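Below you'll find the structures, each written out as structure tokens.
Common to both upcoming complexes is chain A, partnered first by chain B, then by chain C.
This part shows the complex of A and B:
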């Protein structure tokens, strides 16, 4: 790479970074981080209530609750901010002034994506901290004899594996939302993203569709969809970590590689579509 | 030249901050008053029975998307609540119809939900009216647990225990204990327990041994407390037997059954009015030679003991 080319790349990254920081600041202004307060209250109140009504299963249930809430809150942020990343700028006509600045369309799309991923990263990091804090207190309040009977320690570091895959899944959903945001209105983008999220959890059924239909053509079509549509179920290892089941690093690496490749493909498609859009 | 003051874009509320807060408080108070009036005038709107909207675990697993675990927790909580609320309900015709479906759904959604199997089995076996008295459902639930986690010797032991304590099938119990003893990591005492069960089935000593093992090996506070309570019930049964002997001795001496504790104390057959292990007095049934556990006792009602095996010598 020549010096001028690498300098151009760095400058381009800097522009992407500026857009990303702008998106993050906008999410802070939109009070998106308030959801962290709801998350913390949910966990703390849950930990108290669960102890009263779950016959000794409070730690397991708080683990489930924290992981599920991280996934769900992240999903809401990814979908409802993701769908507005581009379409909102178009709707508000602010896209004209943005494109008049020295920002290329690919830089704009990548910056928007990076900004929302940064917002999600901050959210997930704070949720992880709250999750471990609540479980740490619960563990501290319990006697050592009963702690010994738990399937896994309350603050089991293995839960980070589940949090990590949740984050990669949220990156993927953000990319889906961004893609739809470049081609349609916010409402349609939301419907399509949520639709793909649901389909993504049934995806494994498409792979073995020949067991339920006689038509080889239909089975082949279903198998095609299996490879094309995002497969989200493998990102869910919550049950495994809560029950102290091993989640191999190789599995995490391959699932992450799948997620990153899919995100890259979606971002490329978003850039291509957005670059060809005529805003006159 | 005097300049005209530009009109402010912000419109200040007509009431001011304090007035606004007061108005909100009054309105909320009005809502509260309306709610209280309604609650006082009309009975709470209750459905005739609890409903289970989705009965298929497979369907729920699909509908749950990535939140199966949380759904499993909800069904577990519903099972605990259903059991607890039904147990303390006043109705004579109380039923535990939804207990097994709740537990089945919880364990289908999360097949490794360990405690749901063991607690569930305890809830299901408890005799009516303290439970549904359905040992066959408890065994089915535990067998489902064994299928999901073949390494859990505890479930095999629990199945044996249900055969022993509730079904009174000592041969089946011994067979399950033997099967449990063959699982890797199972404790050494399971194999002799199988032999003891066959030899001493129905004797209180055998029951005590079983509950003692459950007490010592339970990995949960609630399970341990339940086993501890059963051990205290066995102590109470021992005490009632002793009191029966004292009454018989009284009758041998006086020709009549005792009518008061004082009669037994006066001739030294009991030192004082005895208390059960939780500190509640036993009840002397006057003129019958019988004694009962008070219904106020934390150990009430006492379990019906398994029938003892026939003495091989007789």
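This part shows the complex of A and C:
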């Protein structure tokens, strides 16, 4: 890479960074975000009460609920803020002024994505803190004898592996939302993203579809969908960490690599579509 | 080198459920704007003014033709460093303050923090929202957003400024401020290209104008040349007898009693001499003979009527009949 080319690359990254910081600033002031985060934290905190009414399963319930709440509310944040990245900006025409500045369309797409991932990271961190706080309090309140009966310590660091994969999954969902928002309206983009999230969790079933249908064509079609649609099931290791089963680092690395590759493909597709779009 | 140049610039939008038909929003626009001009791009709603601006900003891509700004292809990043753009009824980010928005935009141009701050402070004061700089934009009225829009368009001291309906949504004071700001830009030697359907605004600030009707440029030139077309003469006479009023008045385009014993006759440009002679021979006194110049409004309305007449007469016109998607 020549010096001027590398200088241009750095300048280009700087613009992406400016857009990302702006998205983060806008997002963290969004009331929708506050509502979602507060509700998620309340749910995580409320899991403590839920744990009290279950005999001997209290820690598992709290861990399960905390991880599930992070995943679900992370999804809502990714969808509702993610589709706003492009759809609302086009709909409200705020994009006109921005694209008249020295910002290329690929820089715009990448900056928007990076900004929302940053927002998600902060929110997931808040939810993780709430989760560990509840478990920490619970552990502190219980006697050592009672704690000895747990499969894993209440504040088991292994849960961070599950949170990490939830975060990678949310990055993927954000990229899906971003892609749909470059090609359709906000409402349609939200519906399609949630639809794909649901399908993504049952994607593995499509692989062996020929075992339940006789038609080879239907089986081939299902196999095709299996390869194209995101497979989200591998990102869900909640059950394993709650029951203190090992989650190998190799598995985490491979699943992350799959997520990152899928995100890259989606961002590329978003950039291609967005770069050709007319803003009528 | 022209500041803005287009050659046969054309934009078609697909219309209909199957998107098979096309609506030609801009038809073969060839235009050249010299540096330092304030160019008024005029036309009724749906004429293609905003479409042209979006093509120049590359918010939409041309179907065919060429658009250049400062000798470079419109839409290139280096051109965007040198231009400013105010969209029609601008809308910005709800959760940012006016100051944050301008600082963000200034950052995109790569200015150092102190320079950014200096530019933003100056501009916010210039457009009259200095005291509201720390208010969230969602609390801003339409007129205030328009001022923010003007400020953001000037954040990089642009050589060429594109303003889409800059007076829209402003009260008389705001309109005057924007008018003065445009005149200031002209004094600084900047090129201003603004679209408007408010003719009074255009008449008072633009040195050149183009009239766009139904996507076609029907006239372009210096404003004083466009307005040089004489509409006729106004002949003011005193003591015009009743007989003469009937005889001469019936040949005039219009006769109006403007005071006791005093009449104004509107006559065609070539008939003024004959009318003067006839009035004197009838015993009346000629008080004044005033040329009637066409206003920009006259010109604009005539151009629209001509264009619509041509469209009606043209049986092989392939243009779609749907209203255009953008103005």
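Everything below uses one rule, namely that the second predicted complex is superposed on the first by the 263 of 280 C-alpha atoms of A that agree within 3 Å, B and C clash if a C-alpha of one lies under 4 Å from a C-alpha of the other, contacts with A are read in each partner's own complex, and residues count from 1 in each chain.
To be clear about the criterion, a contact is a pair of C-beta atoms (placed from the backbone, for glycine too) under 8 Å apart; a residue touches a chain by one contact, two chains touch by 3 or more.
Please read these numbers as outputs of a predicted model, since none were measured by experiment.
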Q: Label the relationship between chain B and chain C on chain A in the superposed model as either fit or clash.
A: fit
Q. Is A:112 in contact with chain B, with chain C, with both, or with neither (first, second, both, neither)?
A. neither
Q: With the two complexes superposed on chain A, say which partner A:161 touches: chain B (first), chain C (second), both, or neither.
A: neither
Q.
Once both structures sit on chain A, report the angle chain B, chain A, chain C from C-alpha centres, rounded to the nearest 10 degrees.
A. 140
Q) Counting only touches as set out at the top, which of chain B and chain C does A:201 meet: first, second, both, neither? A) first
Q. A:94 contacts which: chain B (first), chain C (second), both, neither?
A. second
Q. Between chain B (first) and chain C (second), which, if any, makes contact with A:149: first, second, both or neither?
A. first
Q.
Output check: A:65 vs chain B and chain C. Expected answer is one of first, second, both, neither. What do you get?
A. first
Q) For the superposed model, what is the least distance in angstrom between any CA atom of chain B and any CA atom of chain C? A) 8
Q.
Please report the chain A residues shared by its interface with chain B and its interface with chain C.
A. none
Q. In the complex of these two chains, what residues of chain A are touching chain C?
A. 11, 14-15, 18-19, 22, 25-26, 29-30, 92-94, 96-104, 276, 278-280
(Q) Looking at the complex, which residues from chain C come into contact with chain A? (A) 13, 54, 57-61, 77-78, 80-81, 83-87, 89-93, 95-96, 100, 104-105, 107-110, 149, 152-153, 162, 325-326
Q: Please give the residue numbers of chain B that touch chain A in the complex, ascending.
A: 62, 65-70, 72-73, 76-77, 80-81, 110, 112, 114-115, 119, 219-222
Q | chain B contact footprint on chain A (complex, rising order) | A | 53-57, 60-61, 64-65, 67-68, 71-72, 146, 149, 151, 197-198, 201-202, 232-233, 235-236, 238-239, 242-243, 245
